[in-house]
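Below you'll find the structure I mean.
Labels A, B, C and D are assigned to the chains in the order they are written; within every chain, residues are numbered from 1.
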Amino acid sequence: MSRISVRNWISSIADRGRELLDLPLSTPQDSYRPLANLCRDLVSQKGEARGTALAREVVRMWENLPATDHLKFFEMMQNDFSAKRDAVIKAADAYKADPTEANLAVLTLASEPARQELLRRINMAPGGTRAIVDMREALIDLLKTNRHLEPLNADMQHLLMSWFNRGFLELRHIDWDTSAAILEKLIRYEAVHEIKGWDDLRRRLAQDRKCFAFFHPAIPDDPLIFVEVALVHGLADSVQALLEPEIDIEAKTRANTAIFYSISNCQEGLKGISFGNFLIKQVVEELKREFPQLTVFATLSPIPGFMGWLRTRQKSKADDADQAAIVLDTMSNDDWINDPERTEALKRPAMQLCARYLSQGQRGKSPLDPTARFHLGNGARLERLNWLGDISTKGLRQSGGIMVNYAYRLDEIERNHEALVNDGKIAASRSVLQLAGN
Amino acid sequence: MSRISVRNWISSIADRGRELLDLPLSTPQDSYRPLANLCRDLVSQKGEARGTALAREVVRMWENLPATDHLKFFEMMQNDFSAKRDAVIKAADAYKADPTEANLAVLTLASEPARQELLRRINMAPGGTRAIVDMREALIDLLKTNRHLEPLNADMQHLLMSWFNRGFLELRHIDWDTSAAILEKLIRYEAVHEIKGWDDLRRRLAQDRKCFAFFHPAIPDDPLIFVEVALVHGLADSVQALLEPEIDIEAKTRANTAIFYSISNCQEGLKGISFGNFLIKQVVEELKREFPQLTVFATLSPIPGFMGWLRTRQKSKADDADQAAIVLDTMSNDDWINDPERTEALKRPAMQLCARYLSQGQRGKSPLDPTARFHLGNGARLERLNWLGDISTKGLRQSGGIMVNYAYRLDEIERNHEALVNDGKIAASRSVLQLAGN
Amino acid sequence: MSRISVRNWISSIADRGRELLDLPLSTPQDSYRPLANLCRDLVSQKGEARGTALAREVVRMWENLPATDHLKFFEMMQNDFSAKRDAVIKAADAYKADPTEANLAVLTLASEPARQELLRRINMAPGGTRAIVDMREALIDLLKTNRHLEPLNADMQHLLMSWFNRGFLELRHIDWDTSAAILEKLIRYEAVHEIKGWDDLRRRLAQDRKCFAFFHPAIPDDPLIFVEVALVHGLADSVQALLEPEIDIEAKTRANTAIFYSISNCQEGLKGISFGNFLIKQVVEELKREFPQLTVFATLSPIPGFMGWLRTRQKSKADDADQAAIVLDTMSNDDWINDPERTEALKRPAMQLCARYLSQGQRGKSPLDPTARFHLGNGARLERLNWLGDISTKGLRQSGGIMVNYAYRLDEIERNHEALVNDGKIAASRSVLQLAGN
Amino acid sequence: MSRISVRNWISSIADRGRELLDLPLSTPQDSYRPLANLCRDLVSQKGEARGTALAREVVRMWENLPATDHLKFFEMMQNDFSAKRDAVIKAADAYKADPTEANLAVLTLASEPARQELLRRINMAPGGTRAIVDMREALIDLLKTNRHLEPLNADMQHLLMSWFNRGFLELRHIDWDTSAAILEKLIRYEAVHEIKGWDDLRRRLAQDRKCFAFFHPAIPDDPLIFVEVALVHGLADSVQALLEPEIDIEAKTRANTAIFYSISNCQEGLKGISFGNFLIKQVVEELKREFPQLTVFATLSPIPGFMGWLRTRQKSKADDADQAAIVLDTMSNDDWINDPERTEALKRPAMQLCARYLSQGQRGKSPLDPTARFHLGNGARLERLNWLGDISTKGLRQSGGIMVNYAYRLDEIERNHEALVNDGKIAASRSVLQLAGN
């Protein structure tokens, strides 16, 4: 046996750490005691001896735990697997007295709650990562009415963020040769423009479309996020056109523009861990390599906060409060979309208000609109507004029928991002700025 | 765009965290400034905007950093990427005043040094994980004379332990169909019984042998640890016999015993992160599935600390100090192995002392011999001592020519482990105990 | 350059053969001349020099050839790429005079039509095998009204039979992890019990079902034949029950019987090349390995010729002609299936006639019913008849609502096959024989 | 059961054919009778019923057949599995009387010896293709002294040529990530410039080298042919330089020339089935795609027949007979290579003779030199002669130390090939022609 690790400064710290992990004193009176006991075994010496067997058992019991016991289980995790208060305070005092890196190391270790080690050990089981993502999904659901569980949520998010590091993710091209088991999940997860069955999916994987997804090696058959791309000629202005069944069989040679028309996160349990930024940028690079003739990479996005903002705007003291009121009034019935006259009359005032909302609507430095916040935060710029770009009921009610293109130019991304974060400056094309009346 | 994460308690903590990460004030006067600057950019907003591009550049510069600059680089990582002292103290005071889980969460976050986030971001690059493992290898080397870098080492080990969690590892069967690129690494990494070129390797992958290794998905072409197994009939008593060229072509049907005769860690940079325990247990399960007729799973191991212990023993007040002195004296020249008379005369006293060393030699509860510490700590038991089990020069000088079998019985592992850890009780067969004279 | 083949007896024969291939004299007046010319180039020296380029062009032009030109194309292949008459006659005379193996070899070579070499060269192109299978599908369609093309068909079948040799086929397990591109083809090719979309398919791939297919390496994404299997407890008696949506999630442990309820050939162009025999036997072996508890392997098959035979029977002089007439009359309206009284009254006479049809109906030694001919020819035996086993319209009109189980017992297969082929003896269970009144 | 093939014209022919296959009458008195009997069973009805089981047994028995019984086995295959003489003569007479395609089809079928069907059925077994290739290797070895087995050889070659059709081959890139099992075979099969162990092999797979091989899906772990390529700057003139250990790490960007310096057939049993032509052309295409900057594709080849030709030349009446005599005399001792004076004096006359040998030495239209015959026959042209291009002992004794570059230009290949085949015109560069004195 070679290279057995010798006792050193590290492991002595680790030993001290292990003491801190030692078991909590609380005596739970709960009915889910077997799972709680298993968790205790798992972070104890038994966990070291029996390797993954205990972790496997925890996963199995979690999977069979009734949803009604979830709350108690999470409270147990949070309360019974905390840090050792005395050790934390002692380490904190030492650091306060002498803020060396060595003292910081002791404090860092002491203040890490035992539940982090518990989660790391659960993760040893086959299917452990999947189970932890599922746990967090259940926890997020409970959080709405149980804010006291935020610390547990913070620990889970911290670990998942580390484990789902970009460096561990695998980008895969999704097409009709992908397994039905994965394709079926795309149908289920699509959150922007519903996939209406296998025929619709097949159309979205035809030769004038592309689809990419991130996967994690520990959850190999379930995507984390995916993006759907249309290869078109010229900036797309209507999502209904993109979803039509005709396939452009010459797209691969003719297309000069890649439109990211849908991007969906798949795992509720990974909320707060952002993949979209990485995905879009890597897909831009992939597409550039495969289709050198592509020159424009842009989204075709909804403006989900626009109609809500209009309602606030009409009650405000802004100069265009009346304009907002008129637009809202005309749009109050979805019928307007079928009346060419009303549609034409609405175009100018609605587009102008929307351009203002997107290019000026900010809370602090951050854009008001959630989709804008995402893409502008990634370094994209507001490129063009498209009147009647989405005439679905959802499109009318949220976005006033308007869609927006955010353009990704790799050489501008950093500059745009920094201007927004440092100065609150939103990158926008001349045409959008003119429309907004600047 | 769907499911944009909304501001909540978590992200507000995360924001506070991000402030804490904000850049250090120190002004380094070092020559490796470009890499230091890149690291700063990477944990700043630039790092968020430019995705993996910055991380890739850090990896590239690290790979080209002269070894003479490693020390300065690591000192920079440790000193410039610490925690924010004031924030730590404030959070510690709050926790002291009111030790709630919420206050603990703030402290946990505040006391995490910024270098952890730096490492996580380096890990985003292609090859980032490999680079961090290499960094740690260089750091461990420097640590011997630079103990002040232990805190940085602790942070690296903490992250690597989380990333190289058992749940993320992949067990692979290694055979002659494995790529030359990987096989070549086995030759290089074998640390117990040197592989003497491709012919020797090929013999170790023949039909009466098995080889298994753990891999991590982010380092897919480089094993973390591997174990070599011989399928034999009856407990093997000599490693030279196992290394001989004759292949037992009927082993797959005849063998009743699997001998783990060599296990080697491959990555110096993962020191202190234990894989051997998991590997052995999973390989036992794999072999049981493939060869149901196997009934015994045991190692054939050296006793690397035996001769050293003898030298201590002869100077001690122990009853067998004289016996130790005689054995040592006779073995002082390697020639004894060629003299049947001396060999025969040595057998009884040497074996007895060795049985005592292994079954009683403990510091606290922990076995003295490092290999014993590993296997007994895993829950194996001392099964049998083999006189002249290893007559290589190394075998004579470290182990007095003796080898030991540690037996793994899945149903005893936990009991053995707990008896050792709780009571310092070493599991041993009746024959070993008798030999030791108990 | 090593091992250049030297001129020898073989190659001198080959040279003589090449002369025979030399170009035909006919002067076609057809409009598809470019493709004909390409074919000539391909079997000439140009074909040797330009390797696969010419073959690729032939494939491309074939794919674009209008269906209206298929007949002319095939006539050209048959007439312009025959053997050299004089050379054949000369070789035949030599063999007649002196029937040595050497003279036979010359004759074998001389009498091989040049179209075989043409087809072998077309096969060099990427997609060549696919193209030849498609050609034969088109040819088979034309054959109905153009029997004079049989010689070309015979050559194609001869080559395809050699290329689709069992040794080159790959058995694959089909499940929900299979690509959508392949699964979609199962939906299209299922010829026995229509697959009604993706949900139905998914049910047929659930954990109590199995599906296996043969593939050829040159057509890797298109199955040649596939079989659907239900894992059940006891011999299945109704196909409607098998197609129901409820999944038996414990089938893998509980099932003792594998029912082959559907087997479909996929490639019209491979007509006359039998895969079913091999497929069923290999699947029996695969299932036995995976589920050792399975003891019965049987089909649940239609009796497609039964109702037709009844119509012949009623007009015959057989003792049961009247019985047949009554059954036919009662079944003349599909409504009988909804009338318990009529259904009950029909059962005995219909089942008896059916048992006679299956166990005695033969033309020469060969069973009359095509499905019986296939399974009994493979060595299966008639196991059981199932009243109301298929109450679909098709089932009523072809099989009188009856289904039959053919049982495959590996140790009986050869005996059953030989008894049928040599003595015309049909293997049947005692119960079927009793029902038939023997 | 669907699409059961119905009796038609084809199958009636097939039935007639099957009769012809019926068993031979000869009664062998040989000791290998069990294998002969199995072969008989295999082509009989038993072969149809028991599927691959019988074929598997034939393969197993062949593998265990002592080499001393090979001759008898092959004689049995040739004599006992011929065609039916009467049926052949009857079919030949019918064709003679009325040479229709239908009559030809009957004759084609009748004159096919039963051993072809036997071989096709052996091929159904797992490992069947491998076994047949091995059989042919053994047969070729025996042929030297047993020319009467040529008809069997012709049948084997005919079938193997059809099965190893270019369309079924898979081109694979071989590098250090390839399995050791395959790499080891390259070491064994290299026939031009011996690979001296794993280090030498590794150098030949470094980043300035490429290696490609053809594989057949039924023999997936054993190459059929492979070619080694050096990526260099300018036409290589010495093979010793190419085999040196220094690696040009910038080759991938700097190289403008691909030198095919070694091409080896791997399977003796596939002798006479040419892969080299296809391999070189496809590798040219692969390299062009990966390295667009490559402009020259050429071999660096020995001239294996040169020294032999010189010996003939000196005895001839040719004008340069004396020149040949002098060159031969000077080269009679390998020492000349170490004497700069002799080396310099030899250069001009030896190179001139060699240029004549290569550009004019023909038997009929075919080049005399076997390597020239291969490359010029493929459409390459004689590009340049290299004095002292191969100073190994083998190089001196066969090629007088000279090597030649044959250049492959895709747009000239067909023209060069046709000029050679039709007019016996060898394509050569101006410099070679000038050297030859034309």
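Everything below uses one rule, namely that a residue touches a chain if its C-beta (ideal position, glycine included) is under 8 Å from a C-beta of that chain, and two chains touch if they have at least 3 such contacts.
Just so it is clear, the structure is predicted and the values come from calculations on it, not from any experiment.
Across the assembly, the mean Cα position most removed from that of chain B is the one of C. A separation of 36 Å divides the Cα centre of chain A from that of chain B.
In terms of their C-alpha centroids, the spacing between chain B and chain C amounts to 58 Å. Here the CA centre of chain B is 51 Å from the CA centre of chain D. Shown for chain B are the residues in touch with two or more other chains, of which there are none.
Under the contact rule defined at the top, the touching pairs of chains are A-B, A-C, B-D, C-D. Within the complex formed with chain D, the chain B residues making contact are 176-181, 183-184, 197-198, 202, 221.
By the touch criterion stated above, chain D contacts chain C in their complex at residues 1-6, 9-11, 13-14, 45-46, 48-52, 55, 78-79, 82-83, 85, 88-89, 92-93, 95-96, 99, 101-102, 104-105, 107-109, 111-113, 120, 123-126, 128-129, 147-148, 150-155, 157, 159, 161-163, 165-168, 170, 191-192, 217-218, 263-265, 271-272, 274, 276-278, 281-282, 299, 301-302, 304, 370-371, 373-375, 378-379, 413-414, 416-418, 421-422.
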